[in-house]
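Note that the chains take the letters A, B, C and D in the order they are written out, and that residue 1 is the start of every chain.
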Amino acid sequence: MSTSRLETFSDGVFAIAATLLILNVDSQVPSDVADLGARLLHIWPSYLAYAVSFVTIGIMWMNHHTFMGQIERADRRFLMATIGLLMCIAFVPFPTRIVAEHVRHEGAQDAALLYGFTLVTTAVMFNITWFYAARGGRLLRPDADPAIVSGITRTYLPGPWIYLTATLIAFANPTWSVILFLVIAVVYVLESSIFGTSGGVAEVGDL
Amino acid sequence: MSTSRLETFSDGVFAIAATLLILNVDSQVPSDVADLGARLLHIWPSYLAYAVSFVTIGIMWMNHHTFMGQIERADRRFLMATIGLLMCIAFVPFPTRIVAEHVRHEGAQDAALLYGFTLVTTAVMFNITWFYAARGGRLLRPDADPAIVSGITRTYLPGPWIYLTATLIAFANPTWSVILFLVIAVVYVLESSIFGTSGGVAEVGDL
Amino acid sequence: MSTSRLETFSDGVFAIAATLLILNVDSQVPSDVADLGARLLHIWPSYLAYAVSFVTIGIMWMNHHTFMGQIERADRRFLMATIGLLMCIAFVPFPTRIVAEHVRHEGAQDAALLYGFTLVTTAVMFNITWFYAARGGRLLRPDADPAIVSGITRTYLPGPWIYLTATLIAFANPTWSVILFLVIAVVYVLESSIFGTSGGVAEVGDL
Amino acid sequence: MSTSRLETFSDGVFAIAATLLILNVDSQVPSDVADLGARLLHIWPSYLAYAVSFVTIGIMWMNHHTFMGQIERADRRFLMATIGLLMCIAFVPFPTRIVAEHVRHEGAQDAALLYGFTLVTTAVMFNITWFYAARGGRLLRPDADPAIVSGITRTYLPGPWIYLTATLIAFANPTWSVILFLVIAVVYVLESSIFGTSGGVAEVGDL
């Protein structure tokens, strides 16, 4: 299978999962709300959760394409792994709503754990998909750039541990756990911007 | 019509149907839930149903592309058959929610029957679409690989019967029927992985 | 603008509008339904409405591609007309639910009128889009097939009148109006199948 | 990264955001509505809001492609900016519902402000994305047409100020603010049509 079909399907899931996030914000304002202005301000965690999850899915989409750019072909095991990965990404809108609704109330801990384990699992699936493709160059392009390949490996490996740390902190303090998820997204955005500059023409071109 | 347009439309329906599945999980946790943690654990059938249906749609997407890879062109009858097939696939999120909600309660039988007949109909539509295209090589590529063509036929033919069996078991025991749908999905995943290895370079390359 | 981008966007809207139709069926079965089996049978108009609207959107997608196959380029007026057309198609899920819910109750007339005028407007927009592109060959490919061009014109022109007739019948008898929408969809399916056979290789190839 | 992948993802978000708008109309008619006809007429602001937001998203999609047609490649900063832009566009369905529900009641001011600031932010993100790409020709095609590049700049620069003006008017009169959003959409449609005529073959071809 040429990878272009896989990319169309994947792009679809990434785009839909990101766009469905707005339904979570929308559901926070019932039709018969008494004081609209107060309600729109009160639900600020929903806006923040929308932004964090949209950017997180967006960054995952960027990473997925950096990675697919090094892949030449797909076998059925690789397709199955990708379906598993997409299953995690399509799941993200659910914990996003739960966190936004409960971060200020009891239930914050359970919400943070749900959100965290979703991201841990997603990061693990990214690693499984990548290492299956990259191990021994199994599915890599013959001209795959070793610098980019090892760069992807370096970027993916710590992912599950970073998210696991932020998740486990929820046992001590759910608010800090949620703040950490926010910080991780911001760091990724800043890192992308810096990498975009310092990465040089070759890497950017192969992005 | 070049088949690439048909694939874009089909990929869209597959991707949206799969991604909409999360709405079924989401709806199980109302905003005013009393004990969030207990609720998140209580709805485990929704997670399982999400996973099974996502993987099932994913495998159907894989099969659809294996199949489209042998097709050269589309006529209007083939387009109509494909629309019928996509109509079945886009239907899957509905029985998925019903099964997840009712598998542990009265209504389990009706839920299993609804889910089962949806998959039976989908499998039948896959066969109709495939045999219309393949009969006498009507729409096949001139260089279609006979091994793959007969392999697809061998894979598709038992599909409706397997799902029908799992469905009819619901009359005796709905729980076992649902477990069987789960087992079928797992078997397909394992079979894909095994096929991915044993299939050899040629088949994988033509995937 | 190359028309391929316009097609990607259009395919997206067609695919999403069709796939969202299942939400209408889903909303008919509340979580706390007393007798699931009875409810699943009671909502049969929702299944029928789902099928009719899915097939209608599918046929419109087919027609849109037959038509785009004769188009070489897009100007901004043509893009605006296409956006207007897509706006009608994305509207279809709403009257579909209304008809399914009200066809057996008071409100059937209003529901049929809403559904009907949506399809009339859609058919009008199809004509506007097509005639803008085809008048004097404005946006047609230099090698556009005159037989197909006049075939599309012959197919599109009666569309608004057929749907208007079915709609106006709702003033006399809403049930017959709804049945007529069903019959129109079935006729289009049959016609497509027949056209697919009798159309000959040239037309099918240019589809 | 070739820009074609970015366009597939962007097209997906634009198409989904536009198509989800119908859910806002749909939610205005509950299943147990007493007088369907009266309700369908009563919710006319929802139809208008649907049309205005659909056309607005459609015009933004057109502008995005005019713009991408001048871009040769994407670096990670540009991808991040585009994700930010898409985040704004996917947000539009939410304020659209709020405006439609509250424009005739108390809450109109807050609704207009929410809608307005969403469009202001979107217009700002369009400028950021464009100027990052265009400044010094950073990501432009070597053969980018200077007339089109300066035309895009001329079109984008006033965007935030136009929307900001319409938004601030909500403090004096929310109804006029909402009417102004409607007028802006209509003007863009008319301008597109005129531009489509007067723009000449070269600009249209490069669209």
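Just so it is clear, a residue touches a chain if its C-beta (ideal position, glycine included) is under 8 Å from a C-beta of that chain, and two chains touch if they have at least 3 such contacts.
Just so you know, these numbers come straight off a predicted model, no measurement behind them.
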item: Angle (degrees, nearest 5) of the CA superposition of chain A onto chain B; value: 90
item: Classification of the chain C:chain D interface as same or different, half of numbers criterion; value: different
item: Centroid spacing, where centroids are CA-atom means, of chain A and chain D in whole angstrom; value: 26
item: Length of the line joining the C-alpha centres of chain B and chain D, rounded to whole Å; value: 36
item: Where chain B touches two or more other chains at once, by residue number; value: 8, 12, 16, 20, 23
item: Category of the chain touch graph - line, ring, star, complete, other; value: ring
item: Chain-chain contacts as defined at top; value: A-B, A-D, B-C, C-D
item: Partner chain B, residues of chain C touching it in the complex; value: 7-8, 11-12, 14-16, 18-23, 25-26, 29, 31, 33, 35-37, 40, 50-51, 54-55, 58-59, 61-62, 65-66, 69, 189, 192-193, 195-197, 199, 204-205, 207
item: Chain C residues within the chain D interface of the complex; value: 1, 5, 8-9, 12-13, 16-17, 20, 23, 27-28, 73-80, 83-84, 86-87, 90-91, 93-94, 97-98, 101-102, 106-107, 109-111, 114
